[in-house]
Amino acid sequence: MEITPNQLIDFYTTMVRIRKFEQKAAEQFAAGKLPGFVHLYVGEEAVATGACANLNENDFITSTHRGHGHLIAKGGKLELMMAELYGKATGYCRGKGGSMHIADVDLGILGANGIVGAGQPISVGAAFACKYKGTNNVAVCFHGDGASNRGTFHEALNMAAVFKCPVVFVCENNMYGISNYQKNHQTVNDIADRAASYGIPGASVDGNDVIAVYEAVNAAVDQARKGGGPSLVECKTWRHRGHFEGDPATYKDPKEQAEWLAKDPIPRLAKKLIEMKAATQADLDAIDAKIDDEIAKAVDFAEKSPWPDVSDLLTDVVA
Amino acid sequence: MTQMTYMEALRDGMRQAMLKDPNVYIAGEDVGAFGGCFGQTGSLFEEFGPKRVIDTPITETAIIGSAVGAASAGLRPIVEIMFIDFMGVCMDEILNQAAKMRYMFGGKAKLPIVIRTPCGAGISAAAQHSQSLEAWFAHIPGMKVVMPATPADAKGLLMSAVADDNPVLYIEHKILLGVKGEVPEGEHYVPIGKATVAREGSDVTIITWSAMVQKALAAAETLDKEGVSAEVLDLRTISPLDKEAILKSVEKTGRAIILHEATLTGGVGGEIAAIIADEGFDYLNAPIKRVAAPDCPIPFSPVLEQAWVPNEEKVIAAVKQVV
Amino acid sequence: MTQMTYMEALRDGMRQAMLKDPNVYIAGEDVGAFGGCFGQTGSLFEEFGPKRVIDTPITETAIIGSAVGAASAGLRPIVEIMFIDFMGVCMDEILNQAAKMRYMFGGKAKLPIVIRTPCGAGISAAAQHSQSLEAWFAHIPGMKVVMPATPADAKGLLMSAVADDNPVLYIEHKILLGVKGEVPEGEHYVPIGKATVAREGSDVTIITWSAMVQKALAAAETLDKEGVSAEVLDLRTISPLDKEAILKSVEKTGRAIILHEATLTGGVGGEIAAIIADEGFDYLNAPIKRVAAPDCPIPFSPVLEQAWVPNEEKVIAAVKQVV
Amino acid sequence: MEITPNQLIDFYTTMVRIRKFEQKAAEQFAAGKLPGFVHLYVGEEAVATGACANLNENDFITSTHRGHGHLIAKGGKLELMMAELYGKATGYCRGKGGSMHIADVDLGILGANGIVGAGQPISVGAAFACKYKGTNNVAVCFHGDGASNRGTFHEALNMAAVFKCPVVFVCENNMYGISNYQKNHQTVNDIADRAASYGIPGASVDGNDVIAVYEAVNAAVDQARKGGGPSLVECKTWRHRGHFEGDPATYKDPKEQAEWLAKDPIPRLAKKLIEMKAATQADLDAIDAKIDDEIAKAVDFAEKSPWPDVSDLLTDVVA
């Protein structure tokens, strides 16, 4: 498994796409254009990007309240996402879901989720279906450090292990569950150690290094596709912003925040690309510009889209 | 038609559904070689093997959660929760995942999940193994709830539940499992959302479901001898309610008694009474009475449990208050 | 009396209870230095320290389960579930443990537990963060449920809940948190189980609670101008219901409208309608109407959410159908 | 910590008391005298006995559906227990609870429990209260191998670890959850390994050796009393009978069943007592006879007790 320069450029593109989408969402939220809660992924882009780079369209993911990055990395369409954040009729969920419930079942995206830990057993079921149907597909379950304390984590990993379901649990350890610092909400340092409770592999990697994430998840996906069952991959990372937009995050240690900002995964990858001569600064600037354009289009699409019609209120409650 | 028990009938429903569609599977605790806590899955494990009849760990949260994932990925799970009393450990998966995903996703998901579970008192199983909690599920938009009272409906509603593209809670009353009756062979579907008149009558309507249907019928027999003609409406489906059938019967009789085993306050009886007191108000010649278990946990001791479960006498007493 | 917000009032209630009894403590997610998801615990952490204001992991099951253990061992926990929507993950601890232990143990346990949780729509928090699920808890014998509508009741019911020796679910509506009003200083108790007449009237009774009280009052104002005198009954406690107050008002007005934010089917409105349609049948001059949210998950988009939440116009329309 | 011969004789007495209580319950169940479900502890007596020998009256336990052994070991009164199994008014719960809900809060017994895994967080709360009040007491949480897969296990151990609650989780690994063999419901062999997920000690001991159980729990209780926080002690054992009375347990391998019957903890302790000359066979026979007498009295008490009065149906729903 050699990562090609082209792949790295793809990683870079995806990470920038996520970053700029989130920055725009922050801006639009501050401008009062996005209703409800918005939880942003800024700083954690390497995790979703490195993980989803191992997946194809028929693989599944389950996501979280902090889902935009996962969705974009799995191929979610920016226009439909942005329109959904606005609550417009053209959004992914026709305005019914919002940021926390965006899904694209056709792309294997089984939804962001407002319930912490809820995606864990759902991912096991999707993986179970892959195995049942013999499709060779896998599921990736994104979840946070905080979510690793929920009962669903335990039950999902145990069931996946017992049934050898092709699922990879990607734990985004950004060291906080809202304001609760990891060392105050669990007594293990590496969440990957919890894999041992289920007799499955557990790896802990630098979540701000997209290559490390890619490789760790690659091994896990590979094992899953070969029938070897589930794995847990912990990615240590950091959210740059508050828990949700509007949270000043005064609970963070400013020194630690500064240290982590210095480890920002995007400049880090940019530096690498330039060092290895996979890209020039101009190439990267061109990517940035292209993404700016995509984001502008997404915003434009959202802005111009109509509100849902009230007559749509009661549709799709049941099939 | 064949004679079979309610339990055999619901098992036959599962079997037919599995024969018909390879994407239907069963998962739950001890549903495999053991054959189910009360024997419900019987020999389906032998017939369909471990791929399709799956023993899970004790992990209700993951049982329902994984069913949600499997269903959204194209399977049609039939999952069992050993007692409805255990639903408390997997309510999020029902309330916030299974029932809401389709709506939240703007219509772009299908969740064909059947959750089978036994309810009911009568075997001294005490407070944590005897409840009737259908009211919770009736209050969850996106869920359907069926509660068969006869072997034929046990089969027909099971098959309709599996064929439905929505999450359906299928509640089987443990006291009914051994009850025998005529059941159509092969595929058999009873429509979800349709009540049935279990006994025609003209003076009062007793609206009921599940194990209480028998008690209502017994009460109606006794009342008949005393010159009171009671109609018994077996709802069969609790959500969506068959409002038309309810109103039609009350229009005819002018009097309504609602009978359920669940505790009174907050039970489905309230919903039914409210519908009648609104849309059927003009039909009413008397107050609407509810006969239900009292508002207390289910006691263990047989003498107390018997006093807890609604019975024929209480139905008769309620009817006599209104005729 | 001081002016304070509903949120300050409920916080003051917690503070008074903690000052009074060292066995009272608060536990929940981000209730410590962060001060609570909406700011409810504010600076209680600074005042009482980490021993008595405790940040837990994300672990609702253990939050409630541990409260049950702590209460049976002599403490008086106030635990917070960040949104009532999350109750699905800890229902067993409420349904089968907290609410039933006293009865199951033959009366030999006391479970003085307050579970505080915000409910309600209105901030585009969508389907998993906006529900009103009081009906589930009203259907659990052994549980009490309070839902204050005003700052004074927010404080008074909080203190009564802590003083009560039973598990009490205290539901605070997020839309009310910022509402201001007069609140008694020091200890202040509002009795659990007692409704209050928020507005006197003679033509129709609007029975409601929590955030809907304001909408009922607004509707009553408008109706007044059109010559219809509406009485507004603020239930304050959902379980046990103040049946006497309900029947007394309906006896006076002869007409009942029930207004709640929860979805219609299976909501507490059914229970209230059933009580009136039985014990208050003879008072009724018109059908009982319910105004409630439609049976669907709560949509995100503000335009849809506004259409979902019951409002003044719908109340007025319902009243006009019966007067 | 030397175990004295007298202690061993106490252990023996308790184990025989449990065994004979259970055998009598089996008999009365078969005779149709005990309503409802009855789950017996025959074969597992060393676990409850060894564990509870470390506790005093102010310590707490939480129990399970298979609770009689725990209750007896913690000092529960046989008459009140037997009367409760009968559903009589004089029972521990005045007939309202039955086998699965027997409790004696004054003795720190926070109840048998019909919900698998429910006792786990309750025990954490009781331990939390001990710490909060500074009483130096502890809680012991009994639970099965099957229960170790429930979310409550994970959440309880994590919370206990984070808050350093004085609680000992005693996992009775009898290798089955109803019909589900341990290796089919989890992929770890030693459940004690799961302690690592919470950074707490985990020990796996022979659960048919009352001394081994006593010593392992002693260390754990000691740590808890000293403020060192929770531990997990796994006791490997075997239930001799079906899951509940009436279950023929045809899923068991007869050879394995025979092997385990040969490891019966009671004859094993009897042999040891005689070998070490702590007791003669006659002494043990006397103990047996004394227990027979206790059981007979309990049955007599239950038989002669009145049924609950129907007027009691609605009492004690709320305080």
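Think of it as A, B, C and D in the order they're written, each chain with its own count starting at 1.
Here, contacts are C-beta pairs under 8 Å (C-beta built on N, C-alpha and C of every residue); 3 or more make two chains touch, one makes a residue touch a chain.
Since the structure is predicted, the reported quantities are computational estimates derived from the model, not experimental observations.
Tell me, which chains sit next to both chain B and chain C?
Correct list: A, D.
Give, as an integer number of Å, the spacing between the C-alpha centres of chain C and chain A.
Centre separation, chain A to chain C: 36 Å.
Roughly how many whole angstrom separate the Cα centroids of chain A and chain B?
It comes to 40 Å between the two C-alpha centres.
CA centre of chain A versus CA centre of chain D: separation in Å?
Result: the chain centres lie 45 Å from each other.
Could you check chain B for residues that touch two or more other chains and list them?
56-57, 59, 61, 85-86, 88-89, 92-93, 96, 103-104, 126-128, 141-142, 295-297, 299
Among the residues of chain D, which are close enough to touch at least two other chains?
Within chain D, residues 93, 95-97, 101, 113-115, 149-152, 155, 158, 162, 184-186, 317 contact more than one other chain.
Is the way these chains touch best called a line, a ring, a star, complete, or other?
Looks like everything touches everything, fully connected.
Can you check the complex and tell me which residues of chain C touch chain D?
The touching residues are 23, 25, 51, 54, 56-57, 59, 61-62, 64-75, 77, 92-93, 96-97, 101-111, 141-142, 144, 165-166.
Given the complex with chain D, which residues does chain A contribute to the contact?
149-155, 158, 161-162, 184-188, 193-194, 196-200
Can you list the residues on chain D that touch chain C in the complex?
60, 62, 91-97, 101, 103-106, 110-111, 113-115, 118, 120-130, 132-133, 139, 151-152, 155-156, 158-159, 162-163, 315-319
Touching chain B in the complex: which residues of chain C?
Those residues of chain C that touch chain B are 85-96, 99-100, 103-104, 126-128, 133, 135-136, 138-142, 239, 241, 258, 262-263, 265-274, 276-279, 281-282, 284, 286-290, 295-297, 299.
Which residues of chain C touch chain A once you look at their complex with the stated criterion?
29-30, 32-34, 37, 55-59, 61, 85-86, 88-89, 123-129, 294-297, 299-304, 307-308
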